[in-house]
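A, B, C, D and E label the chains in the order they appear, each numbered from 1.
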Amino acid sequence: MREAATVQHDHSAVATRPATVVATNVGKVFGSGASAVRALEDVSFDVPQGSFVSILGPSGCGKSTLLRLIAGLQPITSGEIAVNDHTPDEMRKAREFGIVFQQPILFDWRTVEQNVALPLQLIGTSKEERKRRVGEMIELVGLGDFRRHRPWQLSGGMQQRVAIARALAFGPRFLMMDEPFGALDMMTRERMQTELLRIWSSRPGTTIVFITHSISEAVLLSDRIVVMSARPGRVMRVIDVDLERPRTDEVRKDERFIEIETEIRDLIFSQEHA
Amino acid sequence: MREAATVQHDHSAVATRPATVVATNVGKVFGSGASAVRALEDVSFDVPQGSFVSILGPSGCGKSTLLRLIAGLQPITSGEIAVNDHTPDEMRKAREFGIVFQQPILFDWRTVEQNVALPLQLIGTSKEERKRRVGEMIELVGLGDFRRHRPWQLSGGMQQRVAIARALAFGPRFLMMDEPFGALDMMTRERMQTELLRIWSSRPGTTIVFITHSISEAVLLSDRIVVMSARPGRVMRVIDVDLERPRTDEVRKDERFIEIETEIRDLIFSQEHA
Amino acid sequence: MSAVVPPPADPAAAIATPATRPGGRLFRLRANHVRAVLAPLVLFVLVIWLWQSEFFHNLFGLETFAVPLPDRIVEAFGDDSRRLREAFGETFAPAMIGFVGGNLLGFGLALCLMALPPGLGRRGSALGAAVAALPIMAVAPIVALWIESELWFKSVTVIIIVFPSMLVYAYRGMTGVDPTALELMHSYRASQWQVLRELRLPHAIPQIFTALKYTTVLMLVAAVICEILRAHNGLGYEIHDSLVSFGTARAWAAVVLLGLTGIVMYVLLLLVERFGFPWALRQEQS
Amino acid sequence: MIDSGYNRTREAMITAAIVIGVFAVWYLAAGIVAAGDDPLANAKLPYPHVIVERFFDDFSSVMSAAWTSLSTALLGFALGTAVGVVLSVLMVQAAWIESALMPYLLAAQMVPMIALVPISQTVFKNDTATRLFISAFITLFSVTVAVVRGLKAAPPPARELMKSYNAGRLRTLRYLDLPAAMPMLFSGLRVAAPLSLVGSVLVDLMGGSQGLGYLMLAAQTFGPAQATLVWVAMFVLLALGFLLAQAVVFAEKILAPWQPAMRQGSH
Amino acid sequence: GSSDDDSGDESASTGSSTTASTTAETASAPVCRGDDIRFQLSFFPNAQHTGFLVADSRGFYRDAGVNVKTIPGGPTVNPSLQLAQGNVDMAMMDFTEAINAAANGAEITWVGQTYQSDPLRYVSINRDFPLAGPEALRGAVVGTQQVGELEPELRGMLTDAGLSIDDVRIESIDPSIETLLNRRIDVLPLQTFFHISQLQEAGYRIPGDIDVLDPNELGVGVAANGVAVNNAFYAEHRDAVACFLAGALRGWETAIEDPRGVQRDVEGAQEAGLASPEATAINIEQTIDLVTRRADGGTSEPLELDMTYLDESQRRLLEARVIEESVDLGELIDPEPLARAKAAAGS
């Protein structure tokens, strides 16, 4: 990361901040009978207010499912999730969540611009404000020349960026991002990371739950990392990243950074032989 | 990479092998008039017979488009591509290409098993052979427990693995893979890399064209790397990776490895300030 | 911090480079269009020619008083043009009212069904579809008992005949959306109305157009049958009247008029779909 | 969670409420009609129980008529669907084929039965063939329009996948386009299934001497005293139409269960 | 027409009051061995078809050596077109339809006249329109069941009363009395064999509650129901047509002899439950009246081809412009098969 995260942010020790998302013994089963899939089991962790929490874990371990549960999009099979002392569903209804799904989910009947404008339209933002914010976000994700294109005319990474712009434009208190940078090249990815941190710091109180497959990305961005194991998905370890912010690219060479990275790597690969 | 690529492979110097894919001044324009997009311009490079060639480049630079052109799926606007001295279309009709698209493209009306079996069914493989190969591939991508599930019951990474299994099961002479491991966690990704190399070496003469966003993945796997720039997509540099095979995880610490990685990184970031 | 994302392309680059090959995209497109217009014309001329030369009559053993030759039909058009024009108006007005009313009703009912639980909604949609099993012959006379005005009797009958198709198609189109897209909308706490307008409705466009295309046929057929059975004006009456009095040329002139009306309506819908909702018809772009 | 909160008892209660509501309104309306001194009251809107009584009075003739209609309908439905699918497949092969054939198909639908039936009798010179033709003809169009649209529904990338296997038209059709057309096809079938009854009823009228259509039209012409029989036949038709539509829903659940709308818990 | 027919030529073209029966003695009895005949009824089977239905159910056709398949008609079936196209071999229809078909080139021959007088009656149940005579039609909303030009009967009545068509409002209606009962029209033409019983079932006393104009009495009646044969079929099966008529004659004679006795036969053919036994009895009675009583009040044998009546009818149809040009009735009508049928009955 070149000049990433030169912005300011509240970096009081994560553990001391009040929790905003509290997951307690969460379980989720899909289907029933013989073909039932236990996607999550006994998942407990919490997300401090205004923090950046990443979820790491092998493919199919239930990360996306967990995100859906927190956002109140699917019913929990067992256990409980509280978000700001409310149920996820109540928070969803209060429009507190901005979600970037793993698939971009763009509407073919809307142009890039209109797709980004969708949530603003839904919450009734005024036309000028909408135009301004949409324009800004589209520039931010580097799609200025593609405002009027349709989703199917975009490359995979461009589609993903539209989805990111859509979630950011909306300015929610909780940003839930499911591998948002998965389809991006390194350069674009780093730029997006920087922008994300910038936006996050410019909106104090915004909490981010972030799913990624990149350990270094998780360490670089997060206050806390939840490492999961698969089948059924469980929390293996919750790691607080106590690196100073703002973190520049230099932090990658920081001893503590490498230590945390290695801890997670070892944790993950320990599984392999389990 | 833990135990990656302990297999044998022809590693005569890449440059000396005969070219199988030859792209000459390839151009591709989408649409027309004011909204036309020049996706590719003057792209020339070649892919040696039986080699592993990666394409690197920023989001939207035309990698996926290039892959489609090589596979004869879209008409070329200008220039020419020859594959084994035939047109891409002829080669496509000879069923020489196995493609993993950027999106998994699974059929909802087929189970995981049936999706993997699709190309085998199309080329008329016998039932037992089909069963055997499908079973093998599904195990290989770690979806043994999900044979009978439907695509929408899978996580994003699992879907991508089904698509990979489908391309491998088919055993084509050209494997074209568009960010196949993009949605996979590190551990699964490394395992898939190893398996890919194993399969590649067990099928001599198979040529792989591989799109990725990970520079180290490209260096680790490839004989040759084509680095592209964006808008319009052009070839910035073609780099031959002259590292010994088999390459183990140790190779990452190899001086030459780091040299190539740095060269590409610098190349890419030089763009930023252009 | 400078832009990592590629700098905006130089504007000139965005301008289309002309296709280098003369047989390129533009030309192919036009060839397609030409063929799409030419094919029906050629077939039309062929069919008319074979018909006029009594090829079909000989092939199927038809009598010219049962199926008149094209020149006689054209003649009938000339002879009875005023009468046919009036009759056309008498048929088209209620057909159109019924078309609009029936499709609106069908769509409205589909919306009501969406408010019900899914299982019940599906059953309701099947019940709606069952109304399509009511033959016009049964419905028309009962409606006629209630409504004296010929125009409104026909219109109401057409509505009853038309609405089930739209109900079925619209309901299915609106319920068949991608579950994750629904989740996206729910994450914004989009109201039912917003989900409808932004997601379900656009998603249902292909199905809705299919229903519209199909009901153009129904509306005319229903109006005509009304006219044959109870009302005694319009093209249906002309057809019936001519057939019973052996004036088949006039009957077929009316049939031709009906066919043309149907085709024009269909083409109009096709155009609206293609230009109003291009994304719904997106074909392989190359 | 979203859209859920409905359960079976709730569904049953809503169903019951709707049914009771409909009957209440009906009785009320019929009462109002009967109260005036209208000689045609029982033709305009008879009481439900009067219809039920008449149904049982003429049970055997109504049932045999129903069976005649249903059997012809099923045959016509099968034939119309088969021909419709084949025709649609033909039409999506090229835009010019579609634009050449569609106008004729459309125009043909506009030829009133009163003209078409005698002609087809002349052509087929066989009663059974004519019956089948007419009833298939009625279902044909709705199936064709739907399937033509459905066959264009597969997303372009999926078509590319098939192209990469050099799957050819037939196989692309079989493995991609036809399955992808299923939702549309079943929409078409759901409309066509009850409609095939209309086709059958039409055939009943055109020289048949049995069937619900025959019963209905005859009852209508035999004077106001027979009007309840018209209503009986109408409700029997409605019931048969509902059963056919349900059968299509059932078939869809078995043949095309992968669709989003069919997945558990979704709308 | 039956160009090779010589026996009927003279009587038909002279327009004298001779009937086909005069040739009976010279005709030879037909011989039939199971020829197939598709016979189209003019409507749903009902009392108006009594004789034919009796012949069918009691096997008279079979006895005469023909194998008759009786095909029901209905509002959507046009018997003259069916016959002209050869979809059926013989058909029952109104004389008006036959003459019209012939004028338009249909190759058919008229071989029997079922009704000897006009079955149409103009009725009013509306007290505002007492139908004392045709003059009372002024200002009335009059229904017409016949599609196409005006019923010649109505036109005749208006002319007699010194009225023009502009003095009434014509409204086309279907063959049902619902419009009348729904009080949408003032005057309805109804068929005695079908609608009188329906009015009685609806609670009207006849006569009494209802005013009636009778075209026969007013001298404006036209020939209605009869039997025609397709010429191609006729050329091949001359005997079969005669045999058919022989069977039909027996049917009608049986019905005339014992109207009550044939009620079961009619009910068997008519869709169950469509007409009450009382209504059917009335309909049969009315039908037999039409079959046996001539418009001038004289009696007639069943199926008699009364050339005077038919000639006169054509004249009225021309007057009313139902047809444009006159048709050579000698071409259209062939009394020979009826004569041979009678010969068969006699032998």
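Following the convention adopted for this analysis, a residue touches a chain if its C-beta (ideal position, glycine included) is under 8 Å from a C-beta of that chain, and two chains touch if they have at least 3 such contacts.
None of the values given here were measured: they were computed from a predicted structure.
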Co-neighbours of chain D and chain A - touch as defined: B, C
Pair of chains joined by the greatest number of C-beta pairs in contact: C-D
Chain located farthest away, centre of chain B as origin (C-alpha): E
Where chain D and chain E are represented by their mean Cα positions, the distance between them in whole Å: 39
Averaged-CA centre spacing for the pair chain C and chain A, given as whole angstrom: 47
Overlap residues in chain A, where contacts from two or more other chains coincide: 2, 31, 72-73, 103, 145, 152-153, 187-188
Touching two or more other chains - residues of chain E: 75-76, 78, 81, 85, 174, 176, 178, 182
Residues of chain D engaged with two or more neighbouring chains: 2, 40, 43, 114, 118-119, 122, 156, 160, 205, 217, 220, 259-260, 263
Chain B residues within the chain A interface of the complex: 2, 30-31, 35, 37, 56-60, 62-65, 102-103, 145, 148-149, 153-158, 161, 178-179, 182-189, 213-215, 231, 265, 268-269, 271-272
Residue ranges of chain D touching chain E (in the complex, touch as defined): 39-40, 43, 57-58, 60-61, 113-114, 117-119, 121-122, 205-209, 214-215, 217-226, 229
Of chain C, residues touching chain A in the complex: 1, 3-6, 8-9, 14, 178, 180-181, 183-190, 194, 198-199, 202, 205, 277, 279-280, 282, 285
Footprint of chain D on chain E - complex, ascending: 43-46, 71-72, 74-78, 81-82, 85-87, 174-178, 181-182, 195, 197-198, 201-203, 271-276, 279
Residue numbers on chain A that touch chain C, as the complex places them: 2-3, 6, 68, 71-73, 92-95, 97-99, 101, 103, 105, 107-109, 118-119, 121-123, 141-142, 144-145, 150, 152-153, 170, 187-188, 190-191, 194
